[in-house]
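Below, each structure is written out as structure tokens.
Below, chain A partners chain B and then partners chain C, in two separate complexes.
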Partner chain A sequence: MRKIFILLIFLYGHLYALERESTLKMYHGIFSALSSKPMTSVYTTDREYRKVFTTSKRIFLAKKPEESDIILITNRSTLGSIIKRNSLNKHGQKPILFVTDYRFLKDTKDAVGAFYWRKGRSQLLFIKKRLEQHAIHLPKAYQNYMIDAL
Partner chain B sequence: MRRAYFDRFIIFLMALLIVFVLFLQISTTQSTEKLKNEEIQRAEQYASKIAKLIQIRTQNSLEITLKEHPEVRRHLNETLHAFLTKQYQYIFVLQKDEKGKYRFLLDASEDEPEEYQSIFFPKSEMFDKVYAFQKMQIIEQHEGVEEVWLSLVYPILRENKTEALLVLDLSESYGEHLNNFNSPLMRVVWMMQVLLILSILLLIYLVYSYSKLRKILLFDSLTSTHTKVFLEEFFNRNEVDSYNAILIDMDEFAQINNKYGYTSGNLVIKEFTETMMNVLSLNSKVIRTAGTEFLVIVPKDDSNFETLAKKLFTTLQEKKYLLKNEVFTQSVSMSAMIIPEGNVSIHDVQRILDVKLLEIKSKGKNALGLLGLDHFNQMKYGNMDYIKEALEEERLVCIYQPIIDTKTKKIVKYEALVRLIDKENGEKFISPAHFMDVIKGTSQYIKMSKLVLKQVFTVLHQYPEIEISVNLDLDDLYNADMMKLITQKLYRNKMIANRLTFEILEHNEISDYGQVALIFQQLKTFGSKIAIDDFGSGYANYVYLIKLDVDILKIDGSLIQELLHDTERTKVMLTSIKHLAEIYQYEVVAEFVSSKEIYEIVKALEIEYVQGYYLGEPKPLEVYMGTERN
Partner chain C sequence: MRYFFGQKIIQKSLIFLGLLSLNTVYAEDVNSNLREYNQKNDLSQKTIDENKGHLTLFTRERLEKMHAKTLKDVFKTTPMIYYHENRYGLPDPLGSGGFEPYNSNFIRVFIDGVEVTQGWMGSGLMLYGDINIDFVDHIEFYYASPSFETSTEPAFLTVFLYSKTPEQDSGGKVNLIQGNRGYNSQSISYGQKKEDLSYMVNFSHTNAKRETVDNGTSTPLSRDFERTQLFSYVKNDDQIFHLQVMKKNTDGLAGMSWDATPLESGIDYLNVHMDYGIELSEHWRAQFAYEWLKVDIVQKDEYPLVWADALGSNTFNGEYKNSTYTAELTYKENIGDHRITAGLKGRYKELDSYERDGLDALMVPFTSEQIFSLFFQDQYALTDQELLTLGISYNHISRNGGVEHDDLLQLRLGYIYSSEHWSYKTYLYRTQFALEPFTRYLALSNPLLDPVNSQDVSLQTTLGFTQEVSYVKKKHRFDLKLYILQDEDGLFGNNIPGVEGDTKYFTTVFTYDYDFDLNNKMNLQLYYAQYRDILTEPKLEDVSGYLSFINTYEDFDFYNGVVWHRNSLDWKNYYDVTSSISWNVKEDLTLTLKGQNLLDKAKKTNLSRVDPATGSLILPLSISPIDQRITIELEYMF
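Up next, the complex of A and B:
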């Protein structure tokens, strides 16, 4: 019985690790497409994402938004505070904003792309004009997900 | 045989169970598939209706109508929402823009419906295919898609052009519901499969255990030779007469055990068998029948059997063994036989070889005895079981030798001589020399006598003109069962009993003439005659003539044969017997008249009756009856 219990825990752990690994793999792809650096500094307030990124060797978590290359916005309050910071810091280097909701893309013109779910299907979207503002040229694999404007 | 049927039954049962489980599995899967297909067909019908509705409501152009008339858009969204039951996760309409990207036109979702013209990546190339080929497609969802089981993509056409795609996403939960529809039955199938697998595993384990056990049963652990069980099984599968056999015994092996101990003794036995195996071909089988006794089975198509037996004997005899710094040889006794063709049992072979081996051992051991086919027959016919079986099957026949009147040259009587009929060859008769001594004094002897008398009386009934004599041992007359049988038979056939003669043979001296005379009298009461067989030899002597009331004297064959060697003296003797018989009014029969020369002398001596090969061999009565008629 104990062995079965341990086995179940192990299986659950293994499945969880697999899911985390696939998420990490996807974000590695997105972030390396957005940033040319070998090590990308990412700022996010989302606990789940922070946990996932902690295990990465190519992503390190920034403590402050201004210290990061990319800011991953997963909720509206973070979006609000980031927009506010960006508006104050008009001359400095602004980090790239990447969101997890289609509506956030509409709410801020600073966000270059989003990863979200529509009708049960994962959607990856980049906006060409916003990418150009950051002088980002997406690799060929991501060209299909790029649109001129919303 | 019963075991074989049982094995087949188990295999049949397992196969039946496998077929049944497979049938259940296939039926259940097919039933689930049928349900799914029905649901897909229903979705197709819905899609067709919705598409038609959209076409009607958007008149000339879907794109323009929806763009220019938001109220139509809203109304259509509400209509689509009406179709959104628990089966359907999403219903929406997509259109490709000029850059080939899909944009939402309509969405049935009530909560957070997609904005008109918002972008959508369908995660499947099939959407493009439907757009291009204008044929509905069912897309099974894959990685990157959640909560959707199947997507039905239906083209909305106008004037042969694809205007948009209607997408009906069947929910994952509904797919699971359909999958689980037959789940109780599937559970039974799974349980049966598990049971079946367990049964197969158990069966494999049993087969493994059985094969292990069989190995123990079939192979001798010390010598790696075969056991008696193997022998039985081997000859259940193979014909005995395809092999020859050798029985080998290590002489006085107990001495080795006593001198060197059992462990050393075992080593010698092991070396002994290894030596034996080296001489024999791979097709030969060695069976350890007892501690130091081995039966070797050699295929007939192997090398010359006699040479092989001799080689084996010499090799085993010359083999040197080393134990505790002492070198010695081990003598062996061997009996070997060529097994004759036909229905022979291995037990018969073993018994014959055993008898021969005992004979060799009694004559000083350390020898090889080769048995030919005659030996085999001799031993086979002398087997009580064989005789018993023959008598049970009434494989017994009487053949008849004529007794001829020297004056008329006519047959006056026949002597009935008993023969057993060979089991394999119905035309082959077995002489009493093979079996008489074995059955004497046993119940089989009475049984045989009963059969003889039955045949003889049948013949006497069948041929009223003939007389028959039968042989009877004087010892038989002392046997109450035998006398009871004879008197019963005589009583039942009293009308013809006077045509029957009892030829009395004597092996021991009569101690009580009074009793014998009384018995003779009993037989004569029915009119039967008494003949003294082999008169002039052994105990059948002149005292009989004084003390017993007999009718016929059958002069011993050895005396008649003597006529060829010491004619004159024998003639005197025969004349004397003849003269004596005349006085006592006995009839005289000369036996063993084997040549014309003897016949002429006997005839000249005026002996009335003659019997012998010169005058007629023992043959079935029909032969003589036919001759007489001719």
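Up next, the complex of A and C:
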């Protein structure tokens, strides 16, 4: 069957769906900037992101937050539960928190950065002081997107 | 290992240069990845349907940079069909400035794919043509006959508004605007995504203190309005429910006064819209919509009023209530290289009541209209890059009260070619339009307005041939659209001597967009049209243009745009200059200073007047729908 090239998606329930290729490109870059490992273990509860990350050869999905290098937080309820877990786990290695909402960056000092939408454009932001707590030194290409503090 | 002199330095330099260039490449990579992510994940990419017709798109980013706060702010920049207001001060782009109640019924407005209609009273544009768009993510204008998949009734311009989603706009936003003359507007939105559910609520209030119009008396005409508007939805993966409520109290400008000197003129609207859509399976979708509208009209003049229901009186205090019910069932499937879409649609419009001075005054037996519509559409992929599209739609309209029934047949044949840089689109179509019920009802209710002929009005048949060619490469986008149309048995009377032929249209729109970089963009649009036998003109030429610049420098955003109009009626130039500067104080706080129609030279149109004492035409009033206005805006996200 020939591929019908015109996009005809008109399903309201599915109006928001991440475009796989460009999303992976962005997150491959972000995760490799935050973690030096060739394969990054990521924990997220978001079904859309899980669907996209499943197709990646550089990201594998962790089943538990503790088993991950990076936790990607996309909603407030996950943010609450992750912060609670982190506060109980005082001595263990804490995964890096990265969020998709600017407000979450303000709400928790554990999050090192955010990739979020603002007025129709995506914004990338890293907080220098928080990166330093994890001893992360961003590659130069990402340093334009870094601010000292909120 | 031995090194020659300077070898280490050279090696280190090469490594440094390598790293430097790598970093530059990476920096460029991050920027280009961001650009690609923005473009591919923009919500408009999920809703644009190439088969719907010829598109003019306003993305979220563009709406934000333009500081467009109402649909009117956007509509005033579009080509072909310009934003106008009628003698009641209501959005009526196809209004002639004459005495007809409403002319723009074939411009349809959809929100999230569902039509908002005033049912018996006409198109949803009448109320929604200048709504607050704080809840809107992006807007699509489709010219010419739209895809039958979306439309229940025929249209020649369809405006699709798509709301924001909590995935990209979670949390809350407050927007406060204060303008000159006491204009003020407030809006608050909140949206959230839960595990399997998301919702969005927007509540806004506008107190529009507008420019008055001098009518030669000591009391200039007023078109102020106060509007309170609620937009909300809740949805999950396969269901969505919308609730919209709008209350709008307007000063009715010239209203029903023949010479535009009313003693009193006001119209109050209360509108409720609800709809529910469900994906029944991979192929089937059902949708139901309900609309209710209450209109209270108060008019007073020294002479008998224009309004048919006033029955020759010089005062009118009437209340109309009407309801509209719409149901749709659509089926979609890919079979081989064919994408088949078919469906059934039904709409029932009813005039629930008409009271005058608090008493039932419904005398005309014509109070309801039913539309049954059946459509089939096949999109056949000729190759990976070519699509052939065929659509056919049959509408049966039945009316009560002994009024004629109508059968409408719509046909649409299209071809689309798309490659990496080039795209071409052409349509051939035949569309039929029937007279809207309220216009017919008013003619039937007044013996002076030819009630016998209003029972049986010929259908307007519009034949069209349209083409569009686009070229996109990196930072450039060129687009050229050509339309050739002809109206047979036009519903808008042009039967005066010398102008009685079929109305013919030849129009062309050229646009060029250039992105200097992510933060600096330019948009140019040029339009030329030639009309034959339109309204009272045997030949009319129309030219317009729109040029805008969007710039960002550090924490400041700038928008500068000019809309230019002129036509062969007097070849006078009109310029609507709009500028804004925004200071992004913090990530969640923005202050904006905006000026619209800064030169006070925006397009004006004539509003006809007749001396009620003698019946002779008097000098028309020249009115612009665009006020000269300066506003200060505060926006806070939480």
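Convention: the second predicted complex is superposed on the first by the 132 of 150 C-alpha atoms of A that agree within 3 Å, B and C clash if a C-alpha of one lies under 4 Å from a C-alpha of the other, contacts with A are read in each partner's own complex, and residues count from 1 in each chain.
To be clear about the criterion, a residue touches a chain if its C-beta (ideal position, glycine included) is under 8 Å from a C-beta of that chain, and two chains touch if they have at least 3 such contacts.
Just so you know, these numbers come straight off a predicted model, no measurement behind them.
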Determine, under the contact definition given at the top, whether A:75 touches first (chain B), second (chain C), both, or neither. second
Across chain A, the partner (chain B or chain C) reaching more residues is C
I'd like to know which partner A:39 touches here: chain B for first, chain C for second, both or neither.
neither
Check: So, A:29: does it touch chain B (first), chain C (second), both, or neither?
Finding: second
Report task. Once the structures are superposed on A, label A:145 by its partner contacts, choosing first (chain B), second (chain C), both or neither. Result -> both
| request: Check whether A:21 is in contact with chain B, with chain C, with both or with neither, and answer first, second, both or neither. | output: second
Exercise for review: Name the contact category of A:118: first (chain B only), second (chain C only), both, or neither.
Suggested key: both
Contact-wise, after the overlay, does A:101 reach chain B, chain C, both or neither (first, second, both, neither)? second
Chain A contact set shared between chain B and chain C covers 102, 117-122, 124, 145
Within the complex, chain B is touched by chain A residues 102, 117-125, 145, 147-148, 150
The answer for chain A against chain C in the complex is residues 1-19, 21-23, 25-26, 29, 48, 75-77, 101-103, 117-122, 124, 139-142, 144-145
Residue positions on chain C within touch of chain A in the complex are 23, 26-27, 29-30, 33-34, 36-43, 45-51, 59-64, 112-113, 137, 149, 162, 165, 167-171, 192-195, 235-240, 277, 279, 285, 332, 334, 336-337, 339, 379, 381, 383-385, 387, 416, 418, 587-588, 637-638
Residue positions on chain B within touch of chain A in the complex are 89-90, 92, 99, 101, 114, 118-123, 141, 144-148, 167, 169
